[in-house]
Amino acid sequence: MELLLQTLVSGFLKGGLYALIGIGMTLIMGVMGIINLAHGQLMMVSMYITYSLFALFGVDPYVSLAVSVPAIFILGVAIQKFFLNPLMKIDTILPENQVLMTVGIGMALTEIMRFIFTSDYKSIQTSYSKTTLLMGNISFSLPLLIDFFIAVILTGALFYFLKHTDTGRSIRATAQDRDAAILMGVNAERITSITFGLGAGLVAAAGTMLMPVFYLFPDIGGPFTRKAFVICILGGLGSSVGAIFGGITLGLVEAFGATYIGMEFADMIGLIIFFLVLLVLPGGLKRITGM
Amino acid sequence: MDPGVKKTAIFALLVLFVSAPLFVKNDYFLHLMILAFMWVVIGSAWNLLAGYTGQVLFGVAAFFGTGAYTSGLLVNHLGWSAWWGLPLGGVTAVILAFPFGWICFRLRGAYFALATLALNEVMRHVATIWESLTDGMAGIMILQTFYAPITTPLGILSSKTPYYFISFVMAALSIACVILVTRSKLGYYLLSIREDQDAAESLGINTRLYKMISLSVTAALSGVAGGFFTNYMGFIDPETVFSLHDISIMAILVGIVGGVGTVYGPAVGAFIMVIVQEMFRTGVFGLLSSLAEGTGSGAIITLEKHISSAHVLMFGILVVLVIRFMPNGVVGDWGKVAALVTPCRRANMRQEAGE
Amino acid sequence: MSFFKVESVVKRFGGLAAVDNVSFEVEKGDIFGLIGPNGSGKTTIFNLISGFIKPDSGSINFKGRRIDGLKTHKICHLGIGRTFQVVKPLKRMTVLDNVMAAAYRRANTKNHARSIAMETVEFCGLGGRADHLSGKLTLGDRKRLEIARALATGPELLLLDETFAGFNPTEVNEAIKLVEKINSSGVTIIIVEHIMKVIMSISGTIHAINFGKTITQGTPADVAAHRGVIEAYLGEPGDAQG
Amino acid sequence: MLKVEGVDLRYGDMPALWDVSFEVHKGEILVLLGANGAGKSTIIKTLSGILRPSRGSITFNNIRLDTEPAHEVICHGLVHVPEGRRLFPEMTVEENLIMGSMAPEAKKKREETIEWVYSLFPRLRERKNQLANTLSGGEQQMAAVGRGLMGLPKILMLDEPSLGLSPLLARDIFKIIQLVNKRGVTVLLVEQNVKYSLSICDRAYVLENGRIVLSGTGEELARNEHVKEAYLGV
């Protein structure tokens, strides 16, 4: 019973970060209609920024959010503006050009980071990295708890932004009907760039917040891109609310898988869910929850 | 190009390729040719499904690796010759492709592509985790059939010569296979599916069946190439043959650099990509290291040190550049490429455009 | 047993009934007109017949065989061809290749397919443009290509979806001749059309629908005089002063 | 007020408009008639900048519009209510209306305009927190017109506003159009409901195959034999 509760808690906390990753992906998917396969790699870059700030200047990871998030936001905007947007006008046999482009960008980012930081594992040891809080016999990792709360705050802020500002409304409108949005005077290209930046910023935040408890090496991006995709599919493509469900679900499934089946199968489990969801529920959990 | 000229050119190339090992005894040259031929096979396979059927395959390594492992496992577990891995590798790849395609062809566009990516990853995990069968990360080592120079009436030939001919025949056959397909009913059906699935259905084309056929041919060719790879290299492990970068992405690059949906595109792309890859792996064929020694320039030394590890970076950048500037490849965008190379052609094109 | 029969077919999208209890029969050799304003459910009926969507209830029979629920390509093999209102040329293929892809349904060799295709292309007046890329045709030629492709599959029943839309009067007259020519070669035709005049002049029987429901069916003269049709079609002038 | 001169347009390689010239006068209701695919919607899309003419010019109060990016056109007071309403399905009615006022001028007066729209369409006020995709066809059309009005149009361009509506609802929509027109908004209307639109319009142009073939007042065209034969089926 305790093990069960413990697994539940750690899965849930991790799920908060996963939700952030998933929302970032789902925003981009909604507005651009493409899957960003460089998503995890953007997160990886953000993690290296956090690591460098810590290693060079001793900046606390939570403080470096103020650097990593804007930096990746700008990177995201630039990627969209200079690499993805021009492809919309090109007619080729492969309609998946944009997706393939994100694969290439992801590879380039990974290798540039390897160039700078080598393939060695890096991690940040803060004073609180291993701190846990106990509630009964259940332990809460302090950094994960903080992460969870920041994730909730960021998600709340995002939802407020999407619902109550003109830019936010324009993002939703562009996702729902791009041409109609243009007719309303929305500069869809600008909105698309902003959205890509926002999605990148969110995943950057998740990456930075993972640093106190996680290790880092250049190839870490790929698995997280896959996770982001699984989360989106679980939540129903393009649905931000769904991505929260998807994130929490994946966090729980991974935790239970690791506890009850075995660590080495954790990735496999993710992939199997990926297939199952793709096939059984093309609309994701959205179909079940109706949200 | 004039068809007569084209035929003569192809014939000349065939003669050149067949006779090459008799003059060139340089092992390294033969090695590059063998790799290029192997990539012609994989690239043509990829092109059939992606370029001709419009179903983009992100994970060709799933089939390539399956073929490679078939070959290795036959040696390890049954004691058969690894050469059985060529035909049987094709068969096992098709066996893998069948349920996969049957289930995943209901997905369209990028989602199908992603499913193939996932299949790639699943296969790599399976090969890593299932140690009792595959020896996991340790990989499989086999004895190569040809490892010493071979004495023939024509003189002493490199041990790579048999591999050269086998890979050459495979490459020629796979191009022939693509030509055959494109000229047949199957080819018309595949193109129709690529252009518009709904229209294809309304013309009586069972789109799912023909997509399955296309996938099966692709898987079979890739599996055969995988089987060959085991025989040639003598060693495989999950990271090599199920590699996302070095196999799946490389295959896509071979396809798009050469020209998606063209018969000879993947062949052209294979040679370009193998050369580019080797250039990075060897520091522009050793030029950089000799330059570094000669000049003692610090910048060149650093460059030389890093460039060999940067081939994946180069892949990434190539993907970006090719998609951005040459989306139809060397063959498909030949006019553009030629115009870049020769200024007088550029003038001609401008004239034509003006008319 | 009738040649083709639609019986009490219903199709809902969400809460909206796109086709609501529609029934009609088509005799062999007829040109059967299906009319109604935009959005009245004509194309949905075609999609139901050709198997792109399945009816929620009701049945569709062709030559005594129930075809609703069959896959699109099966329905084509049974002898029903269709064109699309929004034309779907196979863009990177030539006109002849487009038609050949269709002709392979009843040809085993390439030469046979090509000769069927060539004949069909000529028949539809595209002879001069057989080797043009279909993506570069004018709208009128694209519509001809749609017809040629459907014909090349060798249908006994041909569904024409707004073939005349966007034509000027001369082109309309040519297209009418083409349809009549196809019909006199033994192909039964169901034609969806928005322009009344065209359909009045060629159809034997007309079935009018609006909001997914049948308004009336009868000869062109009857239907044209039917009050419901006039209302649905022309709207009521009403009091212009507002 | 709005002047279209010698406009040609192609979809890819396919010509869609040939040498189209016409004018819209201030305060009038102008109707574009023609069969499906004759190019009516294409003209409106060209005016609103979604499509680019390959030749010719479009000027509005002496400002060239055909070189402006599509999202800027609305800032000049040219508002396009697209065919099939194109509401944002998963936004509420109110959010949809707000989306109509993204242009700087309109944004300033958002609060009062929304009140005005609600007074024109009391039904929309009742439904303001409902998602657009749960509205009935008639309500959706009201919302679409309302959203167009939120952009404070000088010219309101409506593409098939009566599409899929029952005659009764269509009549309501036409009444609203006339009402809006009386409040000083110039209206450019594309309609398949020929009789009705001719009865409310000041002038009309007839399009065939991408060309303008006839023009005149509503009455003239309603009496014209060619129009009768081609579009009224008489």
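Observations on the model:
Going in written order, the chains are labelled A, B, C and D, and every chain counts its residues from 1.
Note that in this section a contact is a pair of C-beta atoms (placed from the backbone, for glycine too) under 8 Å apart; a residue touches a chain by one contact, two chains touch by 3 or more.
Keep in mind the model is a prediction, meaning the values are calculated, not measured.
Shared contact partners of chain A and chain C, listed by label, are B, D. In this assembly, the C-alpha centroid of chain C lies 30 Å from the C-alpha centroid of chain D. If you average the Cα atoms of chain B and of chain C, the two centres end up 45 Å apart. Centre-to-centre separation between chain B and chain D, using Cα means, comes to 54 Å.
Not a single residue in chain D touches at least two other chains. Shared contact sites, meaning residues of chain A that touch two or more other chains, fall at 93.
Among all residues of chain C, those that touch two or more other chains are 92. Arrangement of the chains shown, judged by which pairs touch: one closed cycle in which each chain has exactly two touching partners. Touching chain pairs in this entry, ordered by label, are A-B, A-D, B-C, C-D.
Listing the residues of chain A that touch chain D in their complex gives 166, 169-170, 172-173, 176-177, 179-188. By the touch criterion given at the top, residues 12-16, 35-39, 160, 162-164, 166-167, 170-171, 174-175, 178-179, 192-196, 199-200, 208-209, 229-233 of chain D touch chain C in their complex.
Those residues of chain B that touch chain C in the shared complex are 183-185, 188-189, 191-192, 194-196, 198-207, 261. Chain A contributes residues 34-35, 83, 86-87, 90, 92-97, 99-101, 103-112, 114-115, 222, 226, 229, 264-265, 267-268, 271-272, 274-275, 278-279, 282 to its touches with chain B in the complex.
Residues 50-52, 71-73, 76-77, 81-82, 84, 88-93, 97, 100-102, 104-105, 110, 113, 149-150, 153 of chain C are the ones that touch chain B when the two sit in their complex.
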